[in-house]
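What follows is a single structure, and I will ask about it in a moment.
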Amino acid sequence: MSSYTFDEWYVIRLARTISDREVVFHGFASPCAQVAMHVAKRTHAPNMMLIEGAMYAINPDPPFIPPTSNDSSLKRGAAYSMRFEEFFDAAIRGDVDRMFVSGGQIDMYGNTNVTAVGPLERPKVKLGGGGGGCNISATIKQLTLWTTRHRSGRTIVAECDFITDIGHRTPAGTREELDYTGGGPQCLVSELGVFDYDSQGRMRLQELWPDVTVEQVREATGFEFAVADEVIPVAPPTQAELDVLRAIDPLGVRRGEFDPREMEREFDLVGAGV
Amino acid sequence: MSSYTFDEWYVIRLARTISDREVVFHGFASPCAQVAMHVAKRTHAPNMMLIEGAMYAINPDPPFIPPTSNDSSLKRGAAYSMRFEEFFDAAIRGDVDRMFVSGGQIDMYGNTNVTAVGPLERPKVKLGGGGGGCNISATIKQLTLWTTRHRSGRTIVAECDFITDIGHRTPAGTREELDYTGGGPQCLVSELGVFDYDSQGRMRLQELWPDVTVEQVREATGFEFAVADEVIPVAPPTQAELDVLRAIDPLGVRRGEFDPREMEREFDLVGAGV
Amino acid sequence: MYLDPDKRVDLATAASYVHDGHMIALGGGLSARLPMAMVRELIRQGRRDLHVVGSAHSMDVDLLIAAGALAICEESYVGFEQDLGLAPAYRRAAETGTITVKESCCVTILTQLRAAEMGLPFLPVRGIKGTDMRRLHPEYAETTCPFTGEVLVAVPPLKPDVAIIHAPVGDAFGNLFMEQPYVLDEHFAGASNSVIATVEKIVPTEELHDRGVVIPGYFVQAIAEVPFGAHPASCYPSYSYDRAHMSTYVQAAAKPESADGYVADWVNVPGGEDEYRNKVGAESLTRLTQWSESIDQWKGLFS
Amino acid sequence: MYLDPDKRVDLATAASYVHDGHMIALGGGLSARLPMAMVRELIRQGRRDLHVVGSAHSMDVDLLIAAGALAICEESYVGFEQDLGLAPAYRRAAETGTITVKESCCVTILTQLRAAEMGLPFLPVRGIKGTDMRRLHPEYAETTCPFTGEVLVAVPPLKPDVAIIHAPVGDAFGNLFMEQPYVLDEHFAGASNSVIATVEKIVPTEELHDRGVVIPGYFVQAIAEVPFGAHPASCYPSYSYDRAHMSTYVQAAAKPESADGYVADWVNVPGGEDEYRNKVGAESLTRLTQWSESIDQWKGLFS
């Protein structure tokens, strides 16, 4: 039975946040989400509509995932590519079911910061920026949040220094109070565990990777989070999922998101650490 | 010296309302304006940008003018056709220099009615409607008004029963008061004479066809209009203009706008009635 | 979004998605790409109280009125241009008050469709002020620009229940290719709850991709192959418009009795579109497809 | 509207239409179709205090910052994705306050460009409320929907002085063909006072027509033929992006001194673009054009 690495399992878990027949979008600079969408489309969600990152290509069949999001390879096999405005209009009017969102900081309610860490006028770290996430996080039906940097202790924080993309509530109010039609974050997949959000919009631990403890998650998290009555281990990947993943991402662009230490996590097909 | 008919001269006079290097548009159902634009482009205004009616084709070279405005023949030779919204956006933001406008009724200030004659709830004549004229008459830089039905006495009226397209002022105010950036009607070419507009936005007779008297114009007009100090005869067409006109409109679609009686007006090349 | 990979149905099934009282948008414009087969099928199925929105149209709208299928007309123009003149049934219905005329302007309709596409509850529109258009549209409001203080007319989104679009080719998913002018079809697709499409021919997706997809299939709920589905309007590059047939219609529609006669003879026929095409005749139809053989042949179709 | 039939100029003349302090929009996005030759030429000509607006960009914006040409950055993202990481010069300038960061959102920028295109003094935008974006944009206001009472953010039109667009081919009038993604280029063209274009090749209009005009020439004030004018970004179908060169840049830009070194070595060279291309080397450039020969060859460009 072949072994697999953590980045593979992680991307497959991300893929499983997608349901069949959903319209799903990832942004640029998001290789884990990007690869996850192609895995989902080729396994359990054949009828999802995959909107390819910065190309806005519909259901492409790329020969490989390149390390940049608007390479022509990413529209191969797509009968149609949306124009910029077609995609964003669809997202604002509520025709997109799911988007993947990450951030340099993510708070308890799933607000994310991709703008600047530290004071805005003189930031400690100027992040790249949010692309279109600010507006469309308000209206897309469900958000899958992900981070590969939970362990750093600086990512999952009590409060974002700047809210770029909106979660379940911000100091200005809840989604309902802000007239936002999107459902907000449905789950957060980190390299330590998988979380959902309770009825108050607060992050709650649901699943753990087999080589991680609740205590480790607590140490890495900037606030007290709820824990589900029964925390279950993340279900292992299938051989079919692994095959698809390896075929679509031969260059391993997904690995660019991880701290090199995470690459040492290796598993076999029953899901136990080896 | 060959003779020519009134419809030919009329269309050539319309063509002369266009200056070189203007961006010019005609609507659908406007064969006289349509043929006039092609005549201008092929004679004195080679660098005008001709936007072809309902096709929004840029500088096409149609093999003939068909009797309907969105036939494919009308985009032949055009490197580009605007999308619907590209044209209307350009018109609203002020990038279109001239539009041809007509109407079942036209009043002293150049307001036109293409909606309904008689009471709106139970009209005497329901006209076809104004297409996009209502909005873009506010913002296009200059309007050439034309009518081939002045003689009827029902077209150039004191007051339109319904204002579809805006002239120099309406009961709601002047263009300035309405925040409209377009200059409004610059001239009106009728089968009786040619008019400009004074500083108050009122129609003023400037030119007469050689077989028409000021008195005839007065009889056909629903209000007292000013008369220029010197009313000049309409300048005759050149052979070059006639050749171009006949080449572009072999089917004579322009004639569809005229009362059959006007077709009896025939001239020779010095411009006198024969 | 409509994600079924295969949405092929027959014309009758496609028409069943349009219900009495629906707001519908008809694709194409004037004499081009009108969804005439679907219009005829809706009449055959006895649809009533429709509300049509769009830009400049002709026989599609007039025939729906002649057949008593329309309650509200919100187009910017209905007519047969200078060639065949005013739209007879529209004119009669408007003058006798049997339909509600909510005549609009192309820019206003476009703006209202954009509001729906953009997911916004209103948009400002430049123009309208000073004209009499608001007498036909009490639903419009006003909005003040927070930067300049300018007062503009505010319009609500327009979300047709169904957009009915005819195109030369499509695929099983509903991707559509068409030539310019697209008129409002792209915006109808983005603003409407669903699109039902008829096409001259359904082809494999690869073939469609090579020609270029104009309307993406995810907007399309059903697609039916209907040859000469735009007749007597044109559907380039397949065929030119049938001016003689349009003229026959305009003459018939001039009086209620002869209008009924047209509907009985050409629309409510037991054999549906097959019978319609047979009646028009293979020779006439073939002639319309031969526009591209020479300029003289093309021009000859309009003489 | 620019109606001259022949607008061909050299790169230096085209660049002269951009003035110090101008608001500029850069075409393409991320690693695709960035107008890099024009960016280099603006730096050579010593342009200062530029205000750049757009969506997600990378080396074009970062290089302008590294060279001291930029005063205000109003993009939705500047960076090299997960592959090469944060944009070094942008980050440094933002952290030390040497540029004004007016980071925006793709939808907001799009809406502001649409306001300019549509000739409107404002547009409502959904979103922004509840986020911290307004801290970066005191110029935004609010507007209340007259139909629903919803309060939305109102944004003013964005009218760049010049849009700088690179495309694979164009003609003398300035008509441009490009492949998807067009990103914001169409909207930049419609909203800006002028477009200056660079293209890999100027071809006869007929040839362009066969490929399809994406940006119409009436928006274009000047067009210059500049081979490899997007390098090290891609310009499909001509060539893929030069990941190795991008990486060289990102490493150099990490420190002010080495950033200056990059500008001196690659940009401010006496021979301009000819020297730049020579320095990159014919072999490297040719390799980038061979992406289409096989999947392995294509993939190899990214390994």
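Order of writing sets the labels: A, B, C and D. Residues in every chain begin at 1.
As a convention for this text, contacts are C-beta pairs under 8 Å (C-beta built on N, C-alpha and C of every residue); 3 or more make two chains touch, one makes a residue touch a chain.
Keep in mind that this is a model prediction, so the values were computed, not measured.
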item	value
Winner on C-beta contact pairs when A-C is weighed against A-D	A-D
Rounded Å distance, chain A centre to chain C centre (Cα mean)	43
Centroid distance [mean C-alpha coordinates] between chain C and chain B, Å	28
Rounded Å distance between chain A and chain B, as computed from the means of their C-alpha atoms	59
Multi-partner residues of chain D (each touching 2 or more other chains)	118-120, 126, 150
Touching two or more other chains - residues of chain A	92, 139
Contacting chain pairs - touch in the sense defined above	A-C, A-D, B-C, B-D, C-D
Of chain C, residues touching chain B in the complex	29-32, 55-56, 75-79, 81-83, 86-87, 90-91, 94-97, 101, 103, 105-108, 110, 114, 125-133, 135-136, 150-151, 179-184, 186-187, 234, 236-237, 240-241, 243, 291, 295, 298-299, 302-303
Chain D-facing residues of chain B, complex	21, 23, 47-49, 58, 79-80, 82, 86, 89-90, 92-95, 139
Contacting residues of chain A [partner chain D, same complex]	28-31, 54-57, 63-64, 66-73, 75, 81, 83-85, 88, 91-92, 115-116, 120-139, 162-166, 170, 172-173, 178-180, 250-251, 253, 256-257
Complex contacts: residues of chain C adjacent to chain A	1, 3-5, 116-120, 171, 173, 175, 190, 205, 208-209, 213, 216-218
In the complex, chain C residues that touch chain D	118-124, 126, 141-143, 145-148, 150, 152, 154, 156, 212
